[in-house]
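First chain A sits with chain B, and in the next complex the same chain sits with chain C.
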Partner chain A sequence: MTTVDTNAARSSGGAGGNSLTYAIGLRCMRLALAAAAVIAAGYLMNNLFVWARDYPESWVMPISRYISAFFDWLGYKADFGLFTFRDLTRAVSQVLEWPLAFTEGLLVSGFGGVPLLPLPWVTVTLIFSLAGLLLGSWRLAAILLGCFTFLAVFGVWEPAMNTFSLVLVIVPFAALMGMAAGVVLAGAPRLERGLSPVLDVMQSTPHFAYLAPIVVLFGFGQVPALIATVIFAAPPMIRCTLVGLRSVSPELIECGRMAGCTKWQLLSKVRFPAAAATLLLGLNQVIMQTLAMVVIASLIGASGLGHDLLIALNSLKLGTALELGAAIVVLAVALDRLSLAASRYDPYKRGEQKRRRGILLFGVVLCAATVAAAPFADGLHLYPAAYTVTSAPFWDAVVIYVSDEWYDGLQAFKNFLLSYVLIPSRNALLWLPWPVVIALVAMTGYRIGGGKLAATVATLAAFPLITGFWVPTMITLYMIAMAVVVSILIGLPIGLLASRNERLSSFILLICDTLQTFPSFVYLIPVVMLFKVGDVAAITAVIAYATVPMIRYTNLGLRRVSAQTKEAAEAIGCTKRQLLWKVELPLALPEIMLGINQTIMMGLFMVAIAALVGTKDLGQQIARALSDGDTGRGLIAGLCIASLGITADRILRTWSRKRSEALGLTG
Partner chain B sequence: MFKLMTQRVMRKGILCGILMGSTALATMSPAYADSAEPIKIVENNWTSQLVLSRITGALLEKAGYNVEYKPADNQLQFVAIGNGDMHVQVEVWEGTHRTSFQRQLDAGRMIDAGSHDAVTREDWWYPAYMEKTCPGLPDYEALNKCAEAFATPETAPKGRYLGGPIDWEKPDPERIEALGMDFEVVNAGQASTLWAELDAAYRREEPIVLFNWTPNWVEARYDGKFIEFPEHDAKCETDPSWGTNPELTHDCGNPRAGWLKKGVWSGMEEEWPGAYEIIQNVNFTNEHIAQAAAMVDVDGLKPEEAAEQWIKENENVWNAWLN
Partner chain C sequence: MGNTAKISCRGLWKVFGPDPRGFLRQHGHTPGPGDYAATKHVGAVQDVSFDVLEGEILVIMGLSGSGKSTLIRCLTRLIEPTEGQLEFENRDLLQLSKREHIDLRRKKLGMVFQHFGLLPHRTTLENVAFPLEIQGVPQEERNACARKYLTLVGLDGKEDFYPRELSGGQKQRVGIARSLTTDPEIWFLDEPFSALDPLIRRELQDEFLKLQQSLRKTIIFITHDFSEALRLADRIAIMRDGRIVQLDTPEMIVARPADSYVAKFGADAPKEDVLSAGAIADPNLPDVLPAQHVRASQKLSEIIPQMLTDGESRVVLNRDNLPAGVLTKERLLSAVFRGN
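Take a look at the complex of A and B:
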């Protein structure tokens, strides 16, 4: 077995001739044999044992009922004598309410007695443009000016500020928590291994699964929106902190120690700066994930862009919805670029002090002037409605044009895809009896990571079975597998391209930001117009969202390969191709694997959204549980999604670690 | 050891104290009749509900109450109202909300504040041009005869019925089986995807039969009718012997005149007795709702502007509610 593998590896590395054809032939034969064995086992089991074909109802463990009962007790009955559990969570809610009320007062509603608030739109725009100028350059100032003027001119200022006031609290909160957790976990590898599945669960369990208990415990409004968002947005920050800190070279840390750094100095002056690129990606992800949550937050009482967007969508005002979606992207881009500049800002640069003083003085005077002038001029305070513009009719026309013109061609393509790829693979997966599926998973685990991994993944695979969600889990698996494979195939080359060229990269990353924050609810509509409700529409939506991390992390990983290494490789005579395959890609493997992990997690996360275009998978189960008020069922279905993600993650991670070790790379 | 324990107990006590203090502050609302605390009205994401909420809110403001509007999900809103985090929902639909509403009523966390005169209907619906392809519509048997015209690769040879939002589900698979129809349900997931498909199909005059409801803005823009199934009866859902199929339940359509209720938090009567009475009196008819929704969907007003205009035009209607 091993000989064949090494042979194959060697021959693909360049040695041609007979041994290559031989190895490939052997491989194909073994694959065919394995497939035949699986089919035979499936056929036999399906025909011999009824329990293997359909998992008996009576074997299902009623875990979801216990969970429902538990949450009912926790939410309405749990009493610790002095106070109930709900009092406790509500108290936490009260505390979290303060910063939210502050930003909301500042930007939207004003405070009872304080005059001049909320801040006029001119002032807010000025503050952010000047911050851009201070921390970055004229260019950044112009971008921020453009962003905020866009919100005003397109007449979405009020909902946008509503959303912004929420985001301004969530982002630092999630980023700091994520970073702190990352630092702690980086120093405690055992704890990290234990908590890693928790991160996966946090990230891949769709919100709909846990919104109901959050609403019971934390109430309705901005706070539960904050909690739901933090659960979702913090994991990428934690992961990036971990990967970033781990990849700091031991020599550098040693060097810091020798210079007499305290622990804190070592962290803030050596390890953080050295890991800056990855940490920044984490921050970028927190911002993007937070804004991606805007629509969901509106379901639990956070007013703003998300709510307006759903209203527009429900009366099929596509153009309007598109503009509101664009406003969300604009906020994301503004925050992201500003935070990027802030992290690169060097206050000790020559002449910086003077420049800073000038800008600050100028800014304070200008802001004070606009705030003072606002009560006397209406247009200063709220952008005059008469001067707003809208591009909605144009976009409506575009969508109609596209859906009419492209329909026939795409229809043929869709029918082909459905009849020859999607439906057969779904049916095959559903036809396989569950013992065969679990055995396959366990065998894969065994081949890659030995007995322990096999046991872990087999247990994970059995979870949906014993909780009674086997069929929807298989449908989810089929959709995700299709989408993730395509996402990786698209994302890897694009990330590669982006890493080669500075200008192309900033353009591609802007598209990534857009795809990630632009509410999928909006682009689902044209997709549905073209493909109709069904699997193709759902898979397309998942791909659009899940390709983003693949691009981002590939780009990052390749960029982090040091110039010296590349130079050295060129010096010993590597061709461009060898450089890429033998040096860059292997060195970027940790980031690329993180990218695949994130692609899977985001794909799984999108399953709940894909349920909105009519799939019969776990997402649908979750939504149904929500309408039945069945917390337990929703959570278990959510955990089934997470179990798929963790299984994939465990297998891939072990594989990549083995590869890294084989290549002599550690850490 | 003992010292350590007392310390721990004390620390716990202090924590409790702090937490209790902040909760006490939070829940300390004046207990006298008709509190000055804002009444929180739920806003959903469809037009009629938004305008009706704004009208009701404006009327409450006229009566001297403070009002706040908060967006909420279709189903989660009931949990929120039950907990007293939100207080009023002016559109509780029989079809969509019955289960969630009933659960809160049973737990004593919400109160049924009466029905509107308006009736609602939620059922299978087709655009008018389908009558050319399927003569005999809106009868369900006529629909069944040309089921194949509605087929897609996913459902072929069966016809495809585009079902409602997932949190809105109807016993469609049961009905299809009980009435022996050659159809398969594909769920649209959310309202906007329903309209996206309808809009695209309507422009191309493609066959489509989908879930729809009334009152709804869709009627004004697309011409079509509900499929007529055997008339609904409460027994139809529980008693197999009822109806055309003696062995199965659900051999009937959805109610043709479903209720539309107002639901409020159970503590409302105590906290704002006057407001509670007003909500009980509020009573919209189908015409009112159509009129109010058209102001937004046709005339392009914002919900709050539409509410203002409606109030201006219908003074005699709401005067009766306030007194």
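Take a look at the complex of A and C:
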């Protein structure tokens, strides 16, 4: 790559357009040669060695079986003398049941023993609007008012509150655990370096894969869902705590130490307050992850919006599903905006104390009034069913219309894609013998990052092979590759447009922000409406979910190109087109690469979930493992997805870092 | 200024790298530049010894990378020195337990930082009261104390302001007040005025001197600005590559620089304000002494006007009113305009 780059630069500098076409021609030739070499190697291997074409069953390390056996043992037989592991999990469940019973009682069911009703919907809505007013502005208050009224009016208040009561228990748990771990790791750099890869794996293993082991250990139900979510949502908090604590200026810490702070005083009086903004940002991430996971955890028995959505999807009630999806989105937007406002909230503003006291007083009075009045006025308490509206029939009609009118067109499009693009590329990938694939990965790693990177990525790529998940992994790879290519084709031009125009950019970024708050599950609904089930549907869902970072990073990368460099290029006499191709894009490329990396990571998450709409890849393995209670298979399939993600991540990140260093963009 | 040493350090080393102690042992405490490079060690402070006398302002002057920041952090043990002795009031600082050291910091040391180091989430008053809060002083008491020091630095009425609402000069006043609330015996100032613009810097230097006249602290003051060092110091230690190359009074640094490196700083100094008649007089007395005299301690700026008007030489009298040398007009002019 690099040699060709310098060639191109040198020759186009020398003799203008002709040599540029020459350079491109050279590059194409090299590519063609490489492709021919790969095909030839593949052909030879396939014909010469049976073991290269199909990885022999006997070479598979039965790790997944060991894991299943281990979890079975842990779940049913493990005995620590005084208590069994089962007792332990039961105890944990019971401890967690308490707060959950409380929030559920508060928001949904009321408390049976003492005749207490749950909080009236008006009160909950008021609390949130006032919180919005306190932490943000009138606008935020209005948005929150709108969101919660939406939930009531569309008749999904109860499942929404069910979901919310889970979130309410999980978020403090996950945040505190994450913070505690973050503090410990921040003080132990060696431990942190050792655990960092573990965090990487945890954060790149799809939601889905966490469910199977939890089911074996804790069974089905609310509490297991809760535990799975806590485990899933804590890592971002750990990361944010680490970043936050590290970003505290060393001078502040010295100031604290010189004042004679003990370790604890330093933490509580200096480091935490100074890192508050980052910590709150972490909290926001925890909330969003929690919501996304809680919805998916309905697969193992979490009640609420996700549960209802799953039922609606299974019975193909697409209108209802869409409405429930919208409810999830509304809840997500509300929680996201509120927690973001909290991270930006400045309690130290002049006059803020007075304002705060006013709002709190007003809020307490109003809430007390609504709670007191609720038993006497039905509408206050539960939103009157007679006034709920539903758009489900409308959407059902749309679905029917779409399938009546567009069916042929869509079907033809789908079939065309399948038979001329998707299936051939899938078959091509599957045809490639595994030694060739691994060699390709290793070579890429070597060219970009040297021997160490090559060893890392080759090991990662071999993981699916030796665990016996090669074929589903290749299918996942093909789906993600297809989706990422399309995402790039869509995201790059949009990001480019956004970087040219302020108003357009703020509009596009607003849409990106909103799209990113949608829990991944929601993306499946419209896709199923259009394409039913199968690969096309899954890939479309991945594209819809994963294009956002591409847009974001392209925009960011182009905007970060230094104004001075651009001015210099313009002064030399670059046309707009030349400026873009010769100055801006090359300088933005490292950032854009990070965007592609992010797109791949998000795509892999979606691929796993897309198993619900019928694919044959790793996601499907996880889904089946979940229904069969096959822990090992689910976990290993999840780790295979993680290994794909981390391979891409290592390669792209290294490239991006080296490139920015070469361009002098770092520091 | 008493002559007892408040702090004294001997053979202080701070080496960064994979194995600092082993590195020092291996090279017999005389590693050369090549040794550092070869083993990826960096000698931030190398074999530094000096005393800080009670009540003096000792300025440590050096360019960036000379090790002055590391040195002050070794003295406060914000950074653990690699080797050496460090005594405070004849107690070995490096042997103190963690608890004892925290106590020492709470009661006896105060520090001002280059970028102020104010806690962004606390008001001016709370920032100044912070060291007392750490010690568990009740709120009433510590706020009263903090108010007193805020008045001292001229920040009356700014108690409820947050750091970002203050100008740079005001922020450093808060930093100064905070470092004084515990009435420390030793006052560390780490480039306290470097982040301020020139006019404010000058103003704060003057106030700092005024404060010191009444407080009489033992002060270690870090700067990279030679003219600041001249203005403030009782003694200046000039650092280069982790070593102290000269430790002397401002006048002697300018009049008798230890090497060409020190001389370069002195070249641009306002010599008429720094040098005194005694430092530049010709000690070889002629047979006939000039009729008029000056005192050895008089600064040149006091002498110049008369000498340039009448053009006569002067005899320089020492403390005992005995002739210590002669000052000709030529000698005076060459001292002021050409260095030595």
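Note that the second predicted complex is superposed on the first by the 433 of 667 C-alpha atoms of A that agree within 3 Å, B and C clash if a C-alpha of one lies under 4 Å from a C-alpha of the other, contacts with A are read in each partner's own complex, and residues count from 1 in each chain.
Criterion: a residue touches a chain if its C-beta (ideal position, glycine included) is under 8 Å from a C-beta of that chain, and two chains touch if they have at least 3 such contacts.
In this text, all values refer to a predicted model and were calculated from it rather than measured experimentally.
Q: Figure out whether A:533 sits in contact with chain B (first) or chain C (second), or with both, or with neither.
A: A:533 contacts chain B only, not chain C.
Q: Going by the touch definition up top, name the partner, chain B or chain C, that contacts more of chain A.
A: Higher number of touched chain A residues: B.
Q: Examine A:404 and indicate which partner it touches, taking first as chain B and second as chain C; both and neither are also allowed.
A: In the superposition, A:404 contacts chain B only.
Q: May I ask you to decide whether A:261 touches chain B, chain C, both, or neither, giving the answer as first, second, both or neither?
A: Touch status of A:261: second partner only.
Q: Touch check for A:418: first (chain B), second (chain C), both, or neither?
A: The answer is first: A:418 touches chain B but not chain C.
Q: Contact-wise, after the overlay, does A:120 reach chain B, chain C, both or neither (first, second, both, neither)?
A: A:120 contacts neither chain B nor chain C.
Q: Which of the two partners, first being chain B and second being chain C, lies in contact with A:269: first, second, both, or neither?
A: second
Q: Going by the contact rule set out above, which residues of chain A touch chain C in the complex?
A: Counting only chain A, the residues touching chain C are 249, 251-252, 254-255, 257-262, 265, 269-270, 273-274, 276, 348.
Q: Spell out the part of chain B that touches chain A in their complex, as residue ranges.
A: 16, 19-20, 22-23, 25-26, 43, 45-47, 50, 69-76, 78-80, 83, 85-86, 99-100, 103, 107, 152-154, 162-163, 166-169, 186-193, 195-197, 199-200, 203-204, 217, 296-297
Q: Considering the complex alone, what residue numbers of chain A touch chain B?
A: 76, 82-83, 87-88, 90-91, 94-95, 211-212, 215-216, 219-221, 298-303, 306-307, 310-311, 313-316, 400, 403-404, 407, 415, 418-419, 423, 521, 524-526, 528-530, 532-535, 611-616, 620, 623-624, 626-629
Q: Along chain C, where are the residues that touch chain A in the complex?
A: Within the complex, chain C contacts chain A at residues 73, 76, 78, 102-103, 105-107, 109-111, 113-121, 123, 130-131, 133-135, 162, 188.
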